[in-house]
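As written, the chain order gives the labels A, B, C, D and E, with residue 1 at the start of each chain.
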Amino acid sequence: MAAISSVVVKNLAVERGGKRVIHDVSFAIKSGEITALLGANGAGKSSTVMALAGVLPIAGGRMRLDATSLTGLSPDRIRRAGLALVPEGHRVLGQLSVEDNILVAAFDGSPSARREGLERAYEIFPELAQRKRQLASDLSGGQKQMVAMAQAFIAKPGFMVVDELSLGLAPAVVKRLAEALKIAAQNGIGVLLIEQFANLALDLADHAMVMERGRLVYDGASTTLRANPEILHGAYLAS
Amino acid sequence: MIAIDNLVVQFGGVKPINELTATLAAPIAGLIGPNGAGKTTLLNVLSGFVRPARGSVALNGEQLLDLAPLQRVRAGLRRSFQTEQVVEDLTVSGNLAAIADHVVAPLNRAAAIDAALAFVGLRPVTDKLGQSLNLFQRRLVELGKCVIGNPRLILLDEPAAGLTEEEGGMFRELVLRIPAEVGAQVLVIDHDVELIRAMCSETMVLDYGKLLALGPTEAVLADPNVRRAYLGEF
Amino acid sequence: MTFLPFLISGLGIGAVYALSGVGLVILFRATGVLNFAFGAFGAIGAHCAWQLLEWKMPLSVAILAAVVVSTAISFLYGRIFAPMLSHRDTVVRAVGTLAPALVLIALMGIIWGELPRRLQFPTDQMFVSLFGVRLTYTRIIAILLAVVMVGSITLLLNRTRLGLDMRALANDRDLSAILGVRILYTETAAWVITGIFSGFAGLLLADLVRLQGTFLTLLVIPAIAAAILGQLRSLWETAVAGLLIGIAEAALTPVGWISPYRAAAPFIIALVAVTILGSTAKAVLKDR
Amino acid sequence: AASCGDNTGKAATGEPIVIGAITGKTGPDDFSNSTKAAKAYFDCLNANGGIKGRPVKYLVEDDQWNPETAAQLAAKLVNDEKAVLMVGNSSFVECGANADFYKKSGIVVVAGVGVPRECFFAENYAATNAGPRVSTLGAMGYALDQLKAKSVVCIGPNIPNVGTWSCDGIKSLAKEKGFTAETILMDPGTADSTSIILQAAASKPDVIILGLPKGVTIPLLTAAEEQGLNQTIKFLSAASAYDLSVPGTIGAGWDGNFYVNMEFNDLEAATPDNQNWLAVMDKYGQPSDPRDTFAQAGYLAARIAEKALMSLDPKDITRESTSAAIRQVKGFASDIFCAPWYFGDGQPRHNANSTTRMAVSEGGKWKVISDCAPSPDPELADIRAFEKSAGIAP
Amino acid sequence: MTSQQTIQALPERVPGARFPKQLLQVPATMALFAAVVTCLANSYWLSAATSAVALSLSVAGLAILYGQLGLVSLCQFALVGVGGWVTLRVGHAFHPPFEISLLAGGIVASVVGLAFGLPALRLRGLYLALVTLMLAGAFQIIISAWGFPDGGNGFLGRADGSGRAMLPRPEIAEGAVGYFLYVCLAATIALLIAQWHKLGRPGRAWALIRKGETVAIASGVNVLTYKAWAFALSGFLAGVSGALLAGNVGQLDGRAFGAFESLNLFALAIVGGVYNWYGALIAGLLLRAVPALLTDLGIDGYVTIGIFGVALFQALATAPSGIAGQIASLIARLRFGSAKERVR
């Protein structure tokens, strides 16, 4: 992927349970870059990315991946357009084996390409290779999160959106994963990251955004945010 | 005090816990280990949802495995789950009442619920439905349920997962108050090493169902085996 | 009185249960919907075939028309109506299929009434004799169709991309969408496949049992017994269970006082099996 | 041309006389042909001066084979609509549900087709048809006399007051006449006809008698043909299978092998009243209304009602006067009946139609093969005794 | 199951309270309903309304199982049949006061419901639903072979003789209006019992069980007992419903209790709404009053079935918490709206 591509969100608004939880959020993420999305619990990070992935209906605004409009598309079409979401809470297809779980996410490509993708996923998560025939519902919490990450990697998306990257993962695995994301970004993938550990996220990210009560309150370089921790603290205490 | 002796759990061909022997005495003990090490499984054994193939577990000298899960709850065992389990269509106080109904005498119920609400600081949202709570509030409800009815042992499975550092900090303060104010021993699983370091005076590390290390938290975290297997340092 | 003839006649009714049971499980495995209208889809096709035969059309045209009609109706429901309930729990999605069943019963009632009709195939006249009982070719075809369907659907589900998508979909529709499974396409494909199957099954059932809208529609209820024995998962087990239930029901015929109650056999067998296997059944869902 | 009432050719314009009917239309079988024919006749009557100038307002309700609905509808017709009479009822569930209510309300029913036992064992309920038991035994009589049957199997539905009632009749006749009889009660909802046929054939009977609704009869015949039994055993059925579509539906395999009892005259008989029925149907019915034995029953019920009402002062047509008039009906002759119809005043039960004919399936049609013969049902003893005492029968 | 339903407009719960005020809604609404029907209805509508109210009790039972525990029972109409059968049997055999027969019907149906539920106690979801459907299927065949008692001797109570014996109505409610009011009163009491369960301790335990059985156990809930209790209560309500139905017509017929009826009952329970108590009343009306209306309008029986099918789907697709849920959110909106007005 030579040319820089980008996902642009304009004036996004989302309602949940009859209540507006996202107000007028606009931002852009670029390929080859890691962007961190930070904020307190309930600030609306998940709602934002779920709307972006087509999982939540939007109450207003537009979304685009380069020339393709993502507004109003179904989740599978957005995924196929090149934006892969790893949803919060390590959800897996419990009645399928680990390997089927990963393969089902590789919707394109020849069988051999899929094999390759599978091998690559097993490289990042050797834990899964040992359990490929096991039902995903029998996995431990962290193992499920690995499956969810593997599903995103194998799709070879242009953009990866990860909600709660380190959730339930042991530190050693988080390290491996961080490494893999860095490599992905170097290979031209755009990554949007939600992460409870702000330091981890800021270490990884080139770019950072902060949400507070459904609004974007910071959008800039991650280094700036690191240098001014009061922005983040303010946002965390606001909720 | 939890005394585990030669515990083996088997699911078909896998043994998520394999000949584990350990004694946990600290008021707040930590349980860490790589993904799939058997931590949740151990909690399930303690709370009775998994039957071990062999071995024994004693809580303050009393054999735990003889009791049915329900009896363990009545005897003062509480636990939270790795994914939070707040009931969406019950209010906060309803969620707490749901456990108080079974472990507190009828006359003391209202007071017990109120005390738990006060302890976790959820009084302002007493009448909010579970479905409208944010994750932090949900985790607090779960913790509130654990402190109702004179618990003796509280098992927390990644209770702070998904919380921000601030929230994690507040949560930690609450847990630290439990041994003194509630009088129960706490066993907590988490992958946040800083949180474990701050809460637990003693920590056990599992790796593939085996005991990797057990002792004072600082010492354990400094153990090179632990650093390699768990923290991924070389 | 000897049981042997009844075992053979049970093979006939067993084929009926096997066909319907397999039809139910296929769709369930692929979309998570239990289709109470399976019988109705088949019945309307069979009625169309009967009508064309009345109008002196060739048999092949009638059969083709039946399958096309059943498939088209299944397609319409699966493409337009089923997605409206897709976010609801399995039971509601199953109950939703009562709607097309009722509408089709009404349609068949208005057009054809409840006059008993007979749909005949040349294979009814051909038979093999076993223990003094004639097993017609139609019944043999029904059993074979069930076996072929089981085989090919098992291959489809386990060996193909579409099958993998179907299994994912039936497991968790929302997550599958997030993972890029083409929901509408996959679901529609599943409804079309069951539609085709219901068309053939409807023709055979109309011939084997009777051509009556309400009756064929309600036939899914005993067929569910077979699906339960297959734990709503295994196509092979469902087919075999269907045959065995049929044989058991028939074998009770000469047994004195039980005989009037033997139509309850599918239900009782399913209940006993569940009570015995219940706690070990895979279908007993686990908590996290 | 159709002949009705006073044949004035002028439409009746007076105050309508309300007559009700309950029929089982939607459900396992359609029994509404009886009320359709009655409706056609009343339309004809109304176009021809009605009951001395008063038209009949004929209200037909569908009980959908549900007794609860049947009771609701009876309350509606009798209490809300204030019907003076019920005519042409034909339902599987209505008699049991409403017989008591009709008695309490003092309303009389001249039913078209009665099926279960309750229709023939109620004080205010008299049907024009013979009923499944009398009809089944009529067929049995033919089997004994003409087919020289020595052993018989009776298949009936395991519905209380229907299947057992008919087949018990065969049993008691067997005791009386010394042939062997067996009974098979089947669930009408079963999908497994072959086993029932095999079970019936196992005792190697000469004849098998079916006392079942036609929806169940046809699959049984199909299964029997599959097993080749149409060649070795004679099959007979109660009047329920006497439908013009049946011979064609079961096909040539049954030519000369499937006999059916007829509660009424041949549907195509050239006799005057039968021709009048057909003419009424042609002029006042729908082309799609079946011309079958149920329709004959409804036509007759309407005519009986007309005759009784005509005997009244048109200004004084109340439920009481109508009931009294119906109770007096006696010697109502029609060539559709084998013997004149009567109500039987003061009798605890009514079964005037107990003389039947037989037909056989041939070339896609029914061929009448016997004259009227009294049904040999032993249970008819009380009826026969009354007929003798009232001078109705010789 | 994975897809979690969004539940709207749930009634609020007040834990601990002895007599929650919301309970007063039940008698108030029922009294209003009874008054309106009594004033306006003729014989036909009175009979239909009586059946509707009687059946709403069986729906209330379903609502407990499905709305509270997330369990599906597809044999509820069979239990209505059991209740009716026992009531008639006891009534014909011993001629006790109607209330005794009614309680007998309720209790036996409750025991049968529990026995039906037992093999199912370990099952959940669609699998449980289908197992109960098998029970309904078996019941249908057995009861249609036995028939309902009509006053005869012996265990089956079949007279098989002249005329059927009718079950007499309670002495204080012989007439159609009297009996209708009697049924409304019985229904009010039963609905109160159900609602009281929902708002109290059993309701909370059931909510936990619906969330997950391990969670419930970890909260000290005896899952088996509470599930069994729900099955028993639901069976009792079904049995009482059958008894009231038997009293309405004076007798019952086995063919009216087929497995398909149980399916239909469940479908309409969802359409009526299982999360609000009055959903049961709505479902009862849908079951009996709407067909009565269509019949009254002279609409063909098959067309009625078709209309029913279309309406069923329409309701399922557009009202996830049923008609009652829509009413509840409407009321909530009105209240909320007027509260805002006042503030201004």
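In this section, a residue touches a chain if its C-beta (ideal position, glycine included) is under 8 Å from a C-beta of that chain, and two chains touch if they have at least 3 such contacts.
Just so we're clear, the structure is a prediction, and the values are computed from it rather than from any experiment.
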*Set of chains adjacent to chain D and to chain E*: C
_Chain pair with more C-beta contacts, C-D versus C-E_ = C-E
*Could you pull out the chain whose C-alpha mean position is farthest off from that of chain C?*
B
*Using C-alpha centroids, which chain lies at the maximum separation from chain A?*
D
*Taking each chain's centre as the mean of its CA atoms, how far is chain C from chain D in angstrom?*
38
_Counting only Cα atoms for the centres, state how far chain A is from chain D in Å._
75
_Where chain A and chain C are represented by their mean Cα positions, the distance between them in whole Å_ = 43
_Contacts with two or more other chains, residues of chain C listed in rising order_ = 109, 171-172, 174-175, 218, 222, 260-261, 263, 288
*Where does chain D touch two or more other chains at once, residue-wise?*
26-27, 158, 185, 187, 189
*For chain E, residues that touch 2 or more chains besides their own*: 2, 141, 145, 212, 214-215, 300-302, 304-305
*chain B - residues contacting chain E, complex*: 47-49, 69-70, 73-74, 78-79, 81, 85, 87-91, 93-94, 96-99, 101-103, 109-110, 113, 127, 129, 131, 145
_Of chain C, residues touching chain E in the complex_ = 34, 36, 81, 84-85, 87-92, 94-96, 98-103, 105-107, 109-110, 171-175, 218, 221-222, 224-225, 227-228, 231-232, 260-261, 263-264, 266-268, 270-271, 274-275, 278-279, 281, 283-285, 287-288
*What residues of chain B sit close enough to touch chain A in their complex?*
11, 32-37, 39-40, 82-83, 131-132, 134-136, 158, 161-168, 191-193, 229-232
*How about chain A: which of its residues touch chain B in the complex?*
17, 40-42, 88-89, 127, 138-143, 145-146, 164, 166-173, 175-176, 196-198, 233, 236-237, 239
*Okay, in this complex, where on chain A does chain C touch?*
53-55, 74-76, 79-80, 84-85, 87, 91-96, 100, 103-105, 107, 137, 151, 155
